[in-house]
Each structure stands twice: as structure tokens, then as C-alpha cells.
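Residue numbering begins at 1 within each chain, and the chains themselves are lettered A, B, C, D, E, F, G, H, I and J in the order written.
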Amino acid sequence: MPDASLLEAFPTPSDSPFVVEHVAEEFTSQCPKTGHPDFGVVTVRFQPRPGRDQGVCVELKSLKIYLQSFRHEGIFYEAVTNRIRDDLAALMDPAWIMVRTDWRGRGGIRSTIRAARGEPPAEYRL
Amino acid sequence: MPDASLLEAFPTPSDSPFVVEHVAEEFTSQCPKTGHPDFGVVTVRFQPRPGRDQGVCVELKSLKIYLQSFRHEGIFYEAVTNRIRDDLAALMDPAWIMVRTDWRGRGGIRSTIRAARGEPPAEYRL
Amino acid sequence: MPDASLLEAFPTPSDSPFVVEHVAEEFTSQCPKTGHPDFGVVTVRFQPRPGRDQGVCVELKSLKIYLQSFRHEGIFYEAVTNRIRDDLAALMDPAWIMVRTDWRGRGGIRSTIRAARGEPPAEYRL
Amino acid sequence: MPDASLLEAFPTPSDSPFVVEHVAEEFTSQCPKTGHPDFGVVTVRFQPRPGRDQGVCVELKSLKIYLQSFRHEGIFYEAVTNRIRDDLAALMDPAWIMVRTDWRGRGGIRSTIRAARGEPPAEYRL
Amino acid sequence: MPDASLLEAFPTPSDSPFVVEHVAEEFTSQCPKTGHPDFGVVTVRFQPRPGRDQGVCVELKSLKIYLQSFRHEGIFYEAVTNRIRDDLAALMDPAWIMVRTDWRGRGGIRSTIRAARGEPPAEYRL
Amino acid sequence: MPDASLLEAFPTPSDSPFVVEHVAEEFTSQCPKTGHPDFGVVTVRFQPRPGRDQGVCVELKSLKIYLQSFRHEGIFYEAVTNRIRDDLAALMDPAWIMVRTDWRGRGGIRSTIRAARGEPPAEYRL
Amino acid sequence: MPDASLLEAFPTPSDSPFVVEHVAEEFTSQCPKTGHPDFGVVTVRFQPRPGRDQGVCVELKSLKIYLQSFRHEGIFYEAVTNRIRDDLAALMDPAWIMVRTDWRGRGGIRSTIRAARGEPPAEYRL
Amino acid sequence: MPDASLLEAFPTPSDSPFVVEHVAEEFTSQCPKTGHPDFGVVTVRFQPRPGRDQGVCVELKSLKIYLQSFRHEGIFYEAVTNRIRDDLAALMDPAWIMVRTDWRGRGGIRSTIRAARGEPPAEYRL
Amino acid sequence: MPDASLLEAFPTPSDSPFVVEHVAEEFTSQCPKTGHPDFGVVTVRFQPRPGRDQGVCVELKSLKIYLQSFRHEGIFYEAVTNRIRDDLAALMDPAWIMVRTDWRGRGGIRSTIRAARGEPPAEYRL
Amino acid sequence: MPDASLLEAFPTPSDSPFVVEHVAEEFTSQCPKTGHPDFGVVTVRFQPRPGRDQGVCVELKSLKIYLQSFRHEGIFYEAVTNRIRDDLAALMDPAWIMVRTDWRGRGGIRSTIRAARGEPPAEYRL
């Protein structure tokens, strides 16, 4: 069962803005209708609040364990995406966060869901 | 025969904006002039209206069945693209929708058609 | 309905051995159980009998029309492969023929079927 | 000899804006200096005027025949590009058109030429 | 728990030899030491015994369900590979079978295991 | 019109066996039925007779001009392949020659033709 | 131990703005928790101050030696990225600098960190 | 020795704006310190002044010969890039020019240098 | 310092022959002349002796730690390759072992070294 | 001028057979007819004689310097290939050597030349 209490954070190590991206290529959950496994790639991008404002970043190993907690969960694509964004936003209260899920597809259709919060940092788009 | 009544929807599961993309790689219709099969990839991207405004999202399996209903139809590339956009826009009345079709081509020419409705959500372009 | 009478042939234009390969990337048939479309790539390789022995080669456009005749047929992967090999072998009685079908897959499993007749010509393997 | 009279058009099938792209991967003309063949890829993108304004779209097969009419022509890269843009603009008077040619190169140098007319439709850039 | 009773078979639809290959790209089991998920690709290749000898082929959907039954199993790479080969060989008693597993890796090391039974059919190696 | 007299040769510069491969990526001829252009890649591989036996190799620039002489010729795939092999074999009388043509295809079918003469040199297969 | 004194600079060879990018594909440091090696790619992009303003550019070989000085250092991804940006900014005081690190990942998760200083030069974004 | 007098130009063949790009994949110069060869790719993009304003375009073959004149020159990456931009800008006085060099690298570091003059034409960025 | 005592083994889990391949993509050692780091990919393939003959397989995590022990060693490409083959052969006394190292190169030259012991198992070459 | 005296060797570090491959991606010489530069990739593969038989291997840096000595030489593709094989065979008297050159091509034709001496070691072909 997805468990946000598995997530841990550490203080943002800088006061100048920077952007972190984690790509988990081995995500799996289950279809709530059929119980068949779903396979996807989860991308998390965020700009933490600065260290001087008590900003924090998600710790990498805890993120991995948290994502593994979806393994036995029957849950829709859209709900996975919103759930991860909400749990990480609650943990870090970041300046910006974007969660993207890419699913291998069923019946010849591949799907991608994007959910965000906050303003994307324009100066890092290069 | 393309049949919009095959499409089903479910309530948008969030009030914050997000974007859904479905890519159907196994689309086929027929050339209305020669009857020869056409093969293409159909990409559908949309931002649903939020749940609190009675927004809905197209259901994935019904989208697949709907797209299969073009299999025996003689129809031009441009008409396929406009038809899908119009049928999905009628179903969901989304904040934004874009339909793109990529065709394998005839006589050494590959073609792509894009049709949209509404304003693309700039904050999801990353 | 698959129709071998659509196939046409022309006399082998040489007495020295050579190998022909045709790859049809836009093949589609239907699942006999569910009626859902199957999509695959059909590869045909053969060494015709020489012209002096009244050998013939399949004509390219007739091969295309023949393969399109599977479009509305409910038929298993294995049967497609064996059927094409048998129909082409009956048409050409070639020194060697190999038919390979690569299917995009269902439920996360891609499949490939190979069926042959005769001895593969070792001197063309480079 | 390039012959614009080969081009045919049909009425724009919609009043809402959309964008068409045709990519001809098998274009060949000849170098006007040496007579050696040039090989390139021609990409045509345009937004037709809407149907209610008597807008038209270029017909695909006529475009193919038109492009083949450059086969025996000695003509520079830049002239090919401008000629195609001008001929298609004269045919369709589109809201926007862009022609791009990518040449395989001579002497280790690959070249690309882009010529446009009108304002590119920003809302289709996704 | 891996369950060979999930596997079903159907009679070999031909008396001439042919080769079947199924590639399951969404395989997951668990590390028996740490409980962390493992992700791999399972390739099964076999030449069935001919139909006239009561030969059978594994049924595709049952193979998918069977492979999903490893999802909650703590089992080593080598054991997965041997187990699948043994279960399929017991089901089909094929002329030849080869099972290959490709694992995404741990600690920067990717692994591949191959286990076979019987003589590979040389005439299908092209 | 294909013209073998355009081909030139130079003495094999060594007495020990070696293999030469030329890949012409910009080959074009015309369909004898419709007059439409065909586009293909021509690969020529050969082991010349040694210099001490008056062996010769085809000169590269003359090969290019020779291949350009097919530009205005209506000729089938198989005839192109056999013609090139025969013309080059007549020029060089090599220990071994193989000609392969890969065609971009018509109607969704790509084709490859291989024609050879002599025994392929096993020691160069690495 | 990372050692900024290894970095050397040379005067900016122009007064007009230009952008330099160095991509070091063989970067390695160590995990401060486990001591296991981390492997990544470090990208440095900057616009130096012009030569007339005493602007300087980092010298390539000294950059290589400096990056090698992280080999035996236990240091987090984020700290590597910030450290390199700060050391190079201190050396050059550039109009703009961006440092990006791409890490091969642990536990199935790949990570990317971006840190910048100054305004990215819009005119070089093509 | 790089020799700008090798460059030739011809009148811009149009009064409407267009963009030319030449990519020279076989550029080589020498390191001024060690004399070892450097290998790179040179990309030149420009929008010529219109023909009615006596605008000119660089001639392709002369550009090739000019680039070959760097073969025996000991010169830094940055100097190559600035030199080419300055020589071409002096020849054409274009509305915009951008020169980019991509170097295969030394010591595991790949480098890219970009130098421009004038305003990039926004309408060609698609 | 490379330390073979780090290697651990477990009993071969089967009596029928199978082949194991481990690919370590993050290998680094140091050049014995200059002290600069070398980066390579190490591939280990072996067929263990069967379990009934007290055959053993190298344990994956111990292999990873063993390969990390080359990090601070100044050692030539050839010596790395031979050392790994000899250490693993001493550990497992396998029916066959092959070690291949692919190095990113110095001075524009990439290198690959292969060292083996025993007869490669022909039946696994598919 | 190509200078075999630049080549250095070191004693084969093992008595068991192994194979070395060096790939030089930045080779350049000049066309003897036109003086234009040629660009190619040189691959050298050899099995040295064992150390106990006074076998030697070519030293990597000397190979690089030797290959650079072709930079100002007007020489044909075939002559480059034979020259390198002969110079390296004279240096090492190896059990087997193969030299392959891949040339970027002129006039749309890419070329590959292979020259060998001795028997290729079959056991390393995996």
C-alpha cells in the first residue's frame, strides 16, 4: 500500500536555486479492475525551497522504497501520478514540482500523465 | 464505421490541472479512393476540466475500441484527425485538446496532421 | 478472407541462384477469439528455382494485395505464418523459402514465428 | 522540368485551424554545374486558410508527381526551396507555409535550406 | 508463487518444423535476500514436436499469467531461468527449447542467463 | 541507359587476398511499368584476383558514374541486381563478388535482392 | 580531495559574447555513506565576460585534472554539482554559468542535478 | 593556413528572408600546444541580406576549400570558431550568422563552442 | 588493490548446462604510466561446471566489490583482462569462461581485449 | 609520411591466447589524385604470439602517433589498409592480424577495405 511515511528528507544544501530530477525506471503497480500488473517510468522534478528558508529535499533511497510500496496496489494511472505529486509536495513544500508517469500501455496504447504544482523555473530550461 | 457512442468517460480525479497523453500506435483506416489500408499513429493530448466543474476524462479501453471502429472506414487523413478531435471534444469539453496523426505514407511521402482546440497549457511544456 | 489466387508470378530472370526478401511492415489480421486487430511485420525470403527450370518469382504488387486479404480474417499467429509459407511455396515451388512474422504483442509479450521449407542457401549468409 | 501545373488542391475540410506536414524522403534533382544527381528530403508544412474562406489544401498524389518533375532539372539547393514554396503558396495562399530541404551533401558538407511565408501558428508548436 | 498449473497448451498446428519465440518485457520477481523487486525480460524460444506426434505449443495468454505468478516470489536469477525452462519443457516436451532472462541489474551490473534443452534447429538461424 | 563501358579498373595492389566493399546510398532507377522513380542502396563486395595474376579492382569514381547511368532506365529490382553483378564480374573476373540492393519499397513493402558469384572468403567474415 | 587550485584560466579571446560547453563523460566520485563509487557525466556551460573586461575562460586540461580530484571524495550528488559551479564561478566570474550532472543511478533511479548562476544568454538557444 | 580569400559568394537569390545551414562533418585542425590533430564538426547558419540589398551567400565548394585550409594550422577551439564567424561575416555581412563547433574531445571531455552575430530569425525556429 | 579473496561462490543450481553473463558498466582503474583514470565495461561469460560435480558460480555482489578493488590500481588494459579471467577461473574452474573489456579510449583510440579459457558452448550461440 | 619506425611493442603479457582490438576513429589521409582529405576509421585486430615465444604487442600511444603520420600522405584506400597490415605484421609477427578501414565516402559511396594475415581465432568469435 502506498505509504508516504516512508519518505525522508534532508535540508536543502544551498541557498541558490537548483533543480533535481529523479527518474525511476522500474515502477510497477496493478490495474484496479483486472489485477494485471502495470509497468511505468516515474519522473520527479523539483526546485526545493532554499536552505535558509528551512527547505528540504527528498532522500533518494527513501524515494525508492516509497515507490516500491505501490507494487501491490490496485490504482489507476492518474491516481498514481496525483498521489506521488501530493505526497512529495506535502513532504517538501517545494518552489516547484512536476511528476510525470510514462506507461508501457495496454491494447496498443501508451499513456503519459503529467501533474505539477508551482511555477516551473524558466532559467533552467536550457 | 467510426462510432463516437463507443467512447466512455469518468470524472476528472483532481481539481488541479494535469495533462493526459494517449498514443495509439496501431491505427488503421482505409483510403476512400483506392480501398487500400492506411496505417498511422494517433496521439491524443488533453487537459480535462477540473473535477469540481464536473470535468471528465476519456476512459482508456473505450478509446481503444473507438479507434478500432475506423478499421473498415474509407476516410482521408485530414478527416480522421478532425473527426477524432471533434468526437473527443464533444465527450469531454476539455480545457485543451490536441490530436496528431502520423501516417506511414504513400509514394515516398509521410504525412502528419495536427488539429487542436483551446489554449495549450504552457506550464506543462517541460 | 486470405485468397491465394491473388498471387501472381513471373519467370525467374536468371539461371544463377539469387535470394529475394520482401518485408511487409503493415500487416494486420484479427484475433479469432476476441476480434481485436493484430499488427505484425511479415518477412518473406526465398531462392527461386532458376529460369531454365521454369522457376518463377512472386510479383510484388500481387503479394501486397494477397497480404491485405488477411485484414478481415480471424486467424492465429501460427496459422498466418504457415498459411503464407504454404501459399507461396505452392505458387513458386522455390529452392528455399522462409516466412517470419513479428507481432507487436498482447499483454506485454511480443511474439515471432518462423516457418521454412527447403535448405537455406549458405552462400548468401554474409 | 518543374511544373506547377501538376499541383492540385481540394477545399479545406474544416473551419478551425490545423496544420499539415508532408515529408518527401525521395527527392532528387541535378546539380546545374556538373549534372551529378542531388538527393534530399523535402518537408512542407502549412496551415491552410479555413474552408469558409474558400481555403484549399494541396492534394497528396499531385504533390508527389510535382516533386518528381524536378528529377531531370539542373537547379541549385536554394532555388529548389524557393521554387517549391512559391508554387505551393501560389496554389493555396495559405495562412502560413514553410518549406525545408535537407541535402545529403557534397564534399563532406550537408546543407539545409528553410524558406517560409506568413506567421507560424504558435499554438501548434507542442 | 510460480504455478506451472497455470500453463495451457494447444496442438501443434503443423507437421513441418517451425520455431516460436515469445518475449515478455514486463517480468518482475523479488530478490530472496532483500525483498527488493527485480525487473527483467524473459525470452522463450522453442521448436514444438510436430502435430502428428501429438506435439503441443504453450498458449500465449496462459504464458502471460504464469509469468505474472513470479511477482511475489523471492527467487534468484538462475532459479527463475531454470524454473521456466523446466516448467515449459514439462508442458510441451519440445524438440528444442531455450529460455533467456535479461536483468536490469543491481550495483551497476547487468546479467543475462541462458538455459536450454535439446538441439537448436540450425535451419532457422538466418 | 546502364552502360558497362563506363566502368574502369586498376591492377590489384597486392598479392594477398583482401575484400573491398562499396556502398552507394544514392541509387535511383525507374519502374518499367509506371515510370515512377525507385530509390535504393547498392552494396558491392568482392575479393579481387591477386595482382600477380593480372587481377583488377573497379575504380571508385567510374563505379559512381556507372551507377548514375541507371537514372533514366526503366528496370526491375531483380534485373538491376543481376545486371550490376554481371557487369562487374565481366570487368574484374573476381575470386568472389556479391551485389545486394535494398529498396525503399512501394505499398508498404521493402525489398532486398542478393546475387553472387564465386565462393565467399570465409576468413574475412569476422 | 576536490581542489579548486588545480583550475587555470586564460583571457577570453574575444569581446563579442560566445558560449562554451564542456562535457566530461568520465566523472567518478564516491558515496559518502557506503563508499561505493558513483559514476556521472558533468556538463559545464558558460558565457565568459568579454576580453576587454579582463574576462577569463577555464583551461581545458586543468578542468580535467580538477574533475579527477573528486575520484577519492565521498560526496553527495547535490554537493558535487554546487561545488563545481561555485569553484568555476569563483575562477571566471562569468556572465552566466550552468553545471549539470547526470548520474547512472542507484536502485533503479537515475538522477540529474542542475545549478546555475547569472542569466542564460537567450540568443544562443538555437 | 586559414585563408579567407578562398571564400566566394553569389547574390542572394530571393528578396524574402530564408535561412541556410551548412554542416561540415570532416573538419580537422591541430592543437597549437602539442601538434596533435583535432577533429570537429562545423555548423554554419545564416540569414543572408536580401537580393535587392545586394546581399550575398557563401558558395558551397569555396566554403569546403576554406575549411580545409585549417588542416595544417595550430589553433585553439575558441579561435577556430571566432575566426570562421568573422571571415564569413566579413564576406556576407548577413542579417544573422551563427557558427558552432563540436569537438570530439581530449582526455574524456567533449567541447562545443558557439559564436554569433546579429539577431536570430525567430520565425525559422520551428 | 585487486583482491581475489573478495570473490565468493555458490553451488551451481542445476546439472544441465547453462550460461551466465554479467556486464559491469562502471569499471575504472588507473593508467600505470600517468595515473590518469581509465574507464571501461567488463563482460564476464561462463558456463559453470554442473552442480553434481561440485561446480560453483561467482556471487554477484562479491563480483561487484571485487571489480571495485581495481579503482586505485595502476594496471594496463591487457593485465586487467587477464587478471579477471585468471581470478574467476581459479574461483570456479568453469567449463568455459570469457572475459571482455571495452575501454573508452585514449587519444581517439578505443580498445577491446578478449581472454578466454575452455571451449565455448556452441549450443548457446543463438 | 607514414613511418613504421614510430611503432613500438611490448612483450605479450600472457602465454594463453587472447585477442586485442584497437579502433582509431580519427584517421585522415589525402587523396593522391585531388589532394582533398579523406576521413576514415581504422580497426586493428590481432592475436599476438604468446609471451613464452617472445611474442610482442603494439604499444597504444605509438600506434596513435604512427596513424597520425598518414595525415599529409596522398595514398589510396587500399594502399592505406595494406600498408598498416604489413607494418604491424612486420612489427609483431602475430598469430593473426586483420586491418579494416571504413571511409566516409566520396560522391555518395562509402567504402570498407579488409586485409588479413594468418588464421582467425575461431574460439573468440562470440
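Here, a contact is a pair of C-beta atoms (placed from the backbone, for glycine too) under 8 Å apart; a residue touches a chain by one contact, two chains touch by 3 or more.
Since the model is a prediction, treat every value here as computed from it, not as a measurement.
When the partners of chain A are compared with those of chain J, no chain appears in both lists. Over half of the residue-numbered contact pairs of A-G are shared by just one pair in B-D, A-C or H-I, which is B-D. Measuring from the averaged C-alpha position of chain F to that of chain J gives a distance of 27 Å.
Distance from the chain A centre to the chain E centre is 34 Å, each centre being the mean of its Cα atoms. Touching two or more other chains at once are residues 25-26, 36, 39, 104, 107-108 of chain C.
Within the complex formed with chain D, the chain B residues making contact are 45, 76, 78-79, 81-82, 98, 105-117, 119-120, 125. Per the touch definition, chain C reaches chain F in the complex via residues 13-14, 16-26, 57, 60-61, 63-64, 123-124, 126.
Across the complex, chain C is touched by residues 36, 39, 104, 107-108 of chain A. By the touch criterion stated above, chain C contacts chain B in their complex at residues 25-26, 28, 36-37, 39, 68, 71-72, 104.
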